[in-house]
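First chain A sits with chain B, and in the next complex the same chain sits with chain C.
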Partner chain A sequence: MKSPARRTSYGVKGAPYAHPSPTALERARSAPYFFLIPASLLFLLFFALPIGYAVWLSFRKVRVSGLGLGAGAREEVWAGLENYTGALSDSELLGGALRVLGYGCIVVPVMLGLALLFALMLDSEKVRLTPFTRLAIFLPYAIPGVVAALLWGFLYLPDVSPFHFVLDRLGLPQPDLLDGGPLYLALSNIAVWGGTGFNMIVIYTALRAIPAEVYEAARLDGATPLQIALRIKIPMVAPSLVLTFFFSIIATLQVFNEPTTLKPLTNSVSTTWSPLMKVYQDAFGNGDIHAAAAQATLIALATLVLSFGFLRAANRRNKQEAAR
Partner chain B sequence: MPYTKRRRLVSSAVAVALGATALAACGSSSDDGETQAGPVSLTYWTWAPGMDKVVDLWNEGPGKKERITVTVKKQASGDTLVTKILTAHKAGKAPDLVQAEYQALPTLVSNDALADIADSVEDAKGEFAEGVWQQTTLGTDAVYAVPQDIGPMMFYYREDLFKEYGLSVPATWEEFAETARKLKKAAPDKDLTTFSANDSGLFAGLAQQAGARWWTTSGDKWKVGINDDATRKVAEFWGGLVEEGAVDNQPMYTPAWNKALNTGKQIAWVSAVWAPGTLTTAAPDTKGKWAMAPLPQWNEGESSTGSWGGSSTAVTTDSGHKEAAAKFAAWLNTDADALNALAKESGIYPASTSAQLSGAFAGPPEYFSNQPDFYEKAAGIAKTTAPSAWGPNVNVAYTTFKDAFGAAAKNKSDFTAALDTMQQDTVADLKKQGFGVAE
Partner chain C sequence: MSSLAPHKAGPAAGAARGPARRRRIALVPTLTLLLGALYCLLPVAWVVVASTKSGSELFSTFTFWPGTGLADNLSDLSAYRDGVYWRWMGNSALYAGLGALLSTCVSAFSGYALAVYRFRGRETLFNVLLAGVLMPPVILAIPQYLLLAKADLTDSYLAVLLPQILSPYGVYLARIYAAAAVPADVVEAGRMDGAGEWRIFSRVALPMMAPGLVTVFLFQFVAIWNNFLLPYIMLSDDEKFPITLGLYTLLEQGANTPALYTLVITGAFLAVFPLVALFLVIQRFWSLDLLSGAVKS
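Now for the complex of A and B:
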C-alpha cells in the first residue's frame, strides 16, 4: 500500500487510480459515510432509541379511576416532572445512594490499591511463577458476579460458614457479617475479590509498555527498586489508574448483583438497598415503569456527571503537569 | 364422612383404571354439539414444572378431537410474570392462557388483562370450595380464572423431638407461644420456629386465618385494612415472640435454615400443604420424623386456616379464542386425568375438591410415610380456609412487608409499627395511581 504502482493494481476495473473520474471521486468522498451506516444504524436502533423511549416514559404516568376494574379504567397521561420530583424526594432512593456511596468508599480505594500493588509486584524482577500468579489473581474476574455472591454468601452465613466453625472451635467471637457495618465490608469484599484481577491486568499491561531504557537510566542514577516503583512506574501508569478509577466508579454506582443475591440470606438487605435495586423493584415488582424510568434516567445522569467530572479533573491535572 | 371418602376413593380408582379411554369418552360426550371454525392453537404461560407433559394429554386427547392445540411457554413464577403479562398485554400480545396467583388477579383484572369467562366455566364452579372460587370472581358476577392449586396452611413439627422435650402439639396460638418458651427453657440453643420476613404470603395467610380483610370495596372506593385489628393481633403475637427471643428471627429458604431444619435446631414450621416438597430438599435426613397438624387457632374450639400460595388458570383479553381457552382451562383443573398428571408432574395440590383425595393423594407423601392419613387430614383442613380479600396493589404491600418486617425482625422492634408502614405505603400507592380510596 505504499507505492502508487501497487495501488493501481487494486484500482477500479479499467480506471487507473492516478486518473480518477469525477464520479469515482464523489464516490470516494461519500465512502466514509457509507461505511458509517451500519454503526450509526445500530447505535440509533439499540442505543439512542431505547434511551429516548425510557426518557419519554419517564414523563408519563398511568392514571386509574375509581376501583380500577374493567376496561378503560386506566389511561396513560402526561406527568411532566412528577416522576422526577417523586424520585428526588424519595427517601429510599436517597438512602440507597448513600449506602452505595459508603460501599464505594471501601471498594474503590481497596480494589485499586491492591490492583496497583499486585501489578507492581508482578512487574518486579524478583517474582517467580509470574504467569501462574497473574492468572490466579485474574481468575475471580472470570466468575459470574451472581455465582461469586452466592459463594461468599454461603461463607458469610453463620450457621454454614467454615470460618465460623473454626472460630467457634478456637473459642473466638464470631462476627455476623451480614448485619450493620460489617455488611458493607462483606459486600465490598465480593467486589474487591472479583474486580482486583481485571484492574491489575490493565495496570500491569501499562507497566510492561514502559521502555526498558527508562529503568536502565534510573538504575545507573542509583535508584532503588522502591524508588523506581514510586517515582517512575506509578507516574507512568497514571493514565491506566485514571481509567480503572473511571470504570470502578461506574461499576459501584450500578451495584446490583451482590446485594440482590445476598438479600434472601439476611434481613439486613432491603429490596431497595441500592438505587438500581429500587429501579428494578419499581419496574418489575410494583409494575410502575414510569417511576422506574425517571429513576433510571437520574442514575444515568449522576453516573455521567460523576465519571466524566472525574475524567475532566484528571485531564486538567495532567495538562497542568505537562505545562510545568 | 367416611362413606363419602370411600366413595371418592372408589370413583377415583375407577377413573384411574379407565385412564385414557375415560378421558376420550368425556371429550366426545359433552362437546358434540359445538363446532369449531377450524384448528385453534393457544399459548399458555405457566411456571409449573412438567406442565408440558400435562398439556400433551390434552393435545393428544380432547384437544385433538376439538382441534385445539395448546403450547406451553415456561415462565418465571410470581410477581415477575405479572409484570411480563402486563407488558405483553400493553402491546396486545399477551398469551391466550396464563397461570396467575390468586392475589395477582385483581392487579391483572384492573389492567384489563383478564377476560370474563363466566359463561364457559360456570359448570366447573361446583368442583371447588366456595372460598376458593370467590377469589376468581373478585366478588363480582364475572369469573376471571379457574382455580388450579391451593395452599391451605398447617402446622408441621418434629414428632420425635416434641416427645423428647415433653411438648404437646399446640391447639391455640397461646399454647404455641408457651411451647416456644418451654422449648427455649429446655434447650436454649433450639428454636420452635423462625419468623421469616422474606415471604409475604406466610404473613398474609396468618392474617387471613385471624379474619383480616386487607382490601375491601365500598362503592367505587377501595378500603385498605392491612392494619386492622385481626392483623394487628397477628403482628403483635409474632413481634412479641421475636422480641423475647422465643423464636428465631432469621429468614427461611437459606442454607442456614435448611441446616436448622435438617439438624433439629428448629423443630417446627408453620407452612402449607406443599411443605413435604420443601422439606424433602431442605431436611432430607429427618424424613419420617415430621408430622402435620392443623394450624393453632386464635380461640379454642375454632377451626380455621389461611392459605399460602396457590394459583389459577386465566384467559387473557388479548386471546382470539377465549372460548377454546376457557374450555382448556376448565379441563385442566377439573378433569380427573389432568389433575392426576398435574399432581404427578407438577407436584401441585389441587383446588378441585374431588381430586384432593384421589390418585396421587390417596396415600401420604413419601416424606410423611409415618402419617398415612396426611391428605385426608389436609383435605379436611382445606375446607376450613378463611375467605381472603385481595386488592389491586398486593405487590406493593408485599414488598413493603419484606422491608418493614425484615428490619423489625432484625432489630426485634415493634411489629405493629412495621404494619402501619405497610398500610401507609399501600394506601399511598393506591392514591398515587388514582384509585378511589376510602379512609
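Now for the complex of A and C:
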C-alpha cells in the first residue's frame, strides 16, 4: 500500500463539530501496534525464529574426532553448502519428490474437478435434497486426516474390504490396493475424499455471488444450462478456482499424515515415501538434524518460489481481465 | 447479520415461475450430488457398522453387515490401559478448545487492527503474517521442537498449544470480517463520545465481528483437533497425546496383533463423532459459506 502514513481512516479532516482530543488521536495512532503485539510476538517466536534456526542448522554439521567417544569428540562446525549438495544428490529425496508429483497429478485435478462439478450441481435449478448432499459432501472436512487414512486403510485391507468381497463374489481378480500403482490411487483417494467438500464450498460461495441478471440475458438468448455453466459460471468463478488450485498444490506437496498412517498396514509405504517424511526420518530416525534442515530449507524455498510465481501469474491475468 | 441468514437469493430462486414447473426435479444434478454424498458417507457408514463387530466377525462377515460386539468393544476400549483413550479425547478437547479460543482472540486483535486503522507497515505486516500459511508444517515443527527442547518445554501441553495459537488464515479471515462488519463511522462515533480505543474494540467492534469470529474459532478448532504432525513430533508421553496421535499409536501396535483392530475401529468411530456433531449443531445458525471468507451475498 502506498497510502501516506499520516492519513488516517477515521476522518480527522472532515468532522464538522467535535474533534477528538489530541491525546485520543495519539492513542488512535499507536493503538494498531498494541493490537498487533500478540500476533507479532507469536510470529517471531514460532515462525521467524524456528525458520532462522533451521537455516542456521542447515549450514552446520557435526564433526566427530577419534572414535566419537567422550566429551568434545563431537563438535558442531561450519559446513558451508555441504548439506545442500548432499540433499540435492540424495536419490531418496528425489524419489520422494517424484512420487509426490505423481500423487499430486492425480489428486489436484480430480479433487478440484469434483469440487467444481458438485458446486455447479448445487447451484443448478430445481435440484433437490441439497441441504443433505451439501453437508454430506462437506462432512469429511470434519474428520481428521489420520482417522480418514485409517478408515480407508481398513477399506483397502483385503480381509476387511467390501471391494474385495464384491470382486471375490463376482469371481474377478482382486488387486492389492496397498501396493505399486494402485497405492497411488489409494492415497489419492484419501486426499480427494477429505478435500473435495471444502473446495466445493469455496467455489459454491463464489457461484452464488454472481448476480441473477447475468443469467437472465443468457437465458433470453436461449442458452442451455450447460452453456450457462461453461460460458458464464466457470469463467466467473475463475478467481476461486485459482485460489483452490493454489492451496491444493501446497497441501499436496506437504503430504505426510496419510502415508504415515497407512504405513502400519502395508510394507509398500517406506519411511521416506514423501519428501516431508524423509525430512522427519532424517531428523528423528537418523538423528541428522543438519541434513534434515537443509532438505527442509530446500522444500520451503521450492514452495515459496512456486507460490510467488503462481500468484504473480494469477495477478497478471487478473489485471488483463480487468483491462479488457 | 445478513450473512447468517440462509441464502435464498441465488439465481434459482424461481419465484416468478409457475408451481407446476417448479415441482419438477432436475434429475442429473440431484443424482450426481447423491452419488457424491454416498461416496463421502461410505467410510463413515463403514466405521459405524464395523464398530459393532467383534474381532472374529470383523474378518468373517460381510463388511456392511452389523455385528454383535458393540458393547464389548466399547468396554474393551475404555478398559484399554486404564482408559487412556478417554484421556486422549480429553486432551484433544483441551488442545482444540483452548487453542482455538486463544487463536480467535489473537486473530480478532490483528484482524481489527489491520482492517480499521491505517498505519505505516500495515500491508507488509499482513503479508508477512500470511506467508506463514506457505510454510510446510514439518519444516516449522522440527526447529520448533529443537528450540522448545532448549527451553525444556517439549513433551508438555504447552509444546502443542503454543505453536498453534497464531493462525495466518485466522488473521486473514478476521481482517475480512472486520473490514466488512465494522463501519469506519461507528469507530469514529465512539471516539467522539470519548471512548478509548480498547473500549471501542471490546464494546462496539467485537460484537459486530462475532459471526466471523465464530468461524475463525471453528476453523482453528478443526485444524487443531485434526493436527497430527505437531503432537507426533513434540510428545512422547502418551498421557498427553491427542486423539489423532493416540489412534495412530494404537494402529501401529495393532498392525502385528489383529486383536487390536477392533479397538482401533471403535476408537476411530468415537473420534469421528465430536466434530461431526459440532458441525451438525452449529450449521443451524451458522453458514458454511463463512468458511471461505464470504461476508455478503
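Quick note on the criterion: the second predicted complex is superposed on the first by the 281 of 324 C-alpha atoms of A that agree within 3 Å, B and C clash if a C-alpha of one lies under 4 Å from a C-alpha of the other, contacts with A are read in each partner's own complex, and residues count from 1 in each chain.
One rule holds in what follows: a residue touches a chain if its C-beta (ideal position, glycine included) is under 8 Å from a C-beta of that chain, and two chains touch if they have at least 3 such contacts.
As the structure is a computational prediction, the values presented were derived from the model and not from experiment.
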item: First, second, both or neither for A:Val62, with chain B first and chain C second; value: first
item: Contacts of A:Phe245 with chain B and chain C, given as first, second, both or neither; value: neither
item: Touching partner for A:Tyr103 - first (chain B), second (chain C), both, neither; value: neither
item: First (chain B), second (chain C), both or neither touched by A:Gly287; value: first
item: Touching partner for A:Arg74 - first (chain B), second (chain C), both, neither; value: first
item: Chain B versus chain C as contact partner of A:Thr272, first or second or both or neither; value: first
item: Dominant toucher of chain A (residue count), chain B or chain C; value: C
item: Touching partner for A:Val160 - first (chain B), second (chain C), both, neither; value: both
item: Chain B versus chain C as contact partner of A:Pro264, first or second or both or neither; value: both
item: Chain A residues contacted in one complex by chain B, in the other by chain C; value: 154, 159-160, 264-265, 283-284
item: Interfacial residue positions of chain A with respect to chain C in the complex; value: 1, 3, 5, 7-11, 15, 18, 20-21, 24, 27-29, 31-36, 38-40, 42-43, 45-47, 49-51, 53-54, 57, 114, 117-118, 120-130, 132-148, 150-152, 154-155, 159-162, 165, 193, 196-198, 201-202, 204-206, 208-210, 212, 215, 240, 250, 253-254, 256-257, 260-261, 264-265, 276, 279-280, 283-284, 289, 292-293, 296-297, 299-300, 303-304, 307
item: Contacting residues of chain C [partner chain A, same complex]; value: 7, 9-14, 22, 24-26, 28-30, 32-34, 36-37, 39-44, 46-47, 50, 58-59, 62-64, 105-107, 109-110, 112-114, 116-120, 122-123, 125, 128-129, 131-140, 142-144, 146-147, 162-163, 165-166, 171, 184-185, 187-188, 191-192, 194, 196-198, 201, 222, 225-226, 228-229, 232-233, 243-245, 247-248, 251-252, 254-255, 261, 264-265, 268, 271-272, 275-276, 278-280, 283, 288-289, 291-292, 294, 297
item: Interface residues, chain A side, partner chain B - complex; value: 62-74, 154, 157-160, 179, 264-268, 270-272, 281, 283-287
item: Contact set on chain B toward chain A in their complex; value: 79-80, 82-83, 86, 106-107, 109-112, 138, 140, 197-198, 217, 220-222, 249-251, 253-256, 259-260, 265, 317, 392-393, 395-396, 399, 402-403, 406-407, 409-410, 429, 433-436
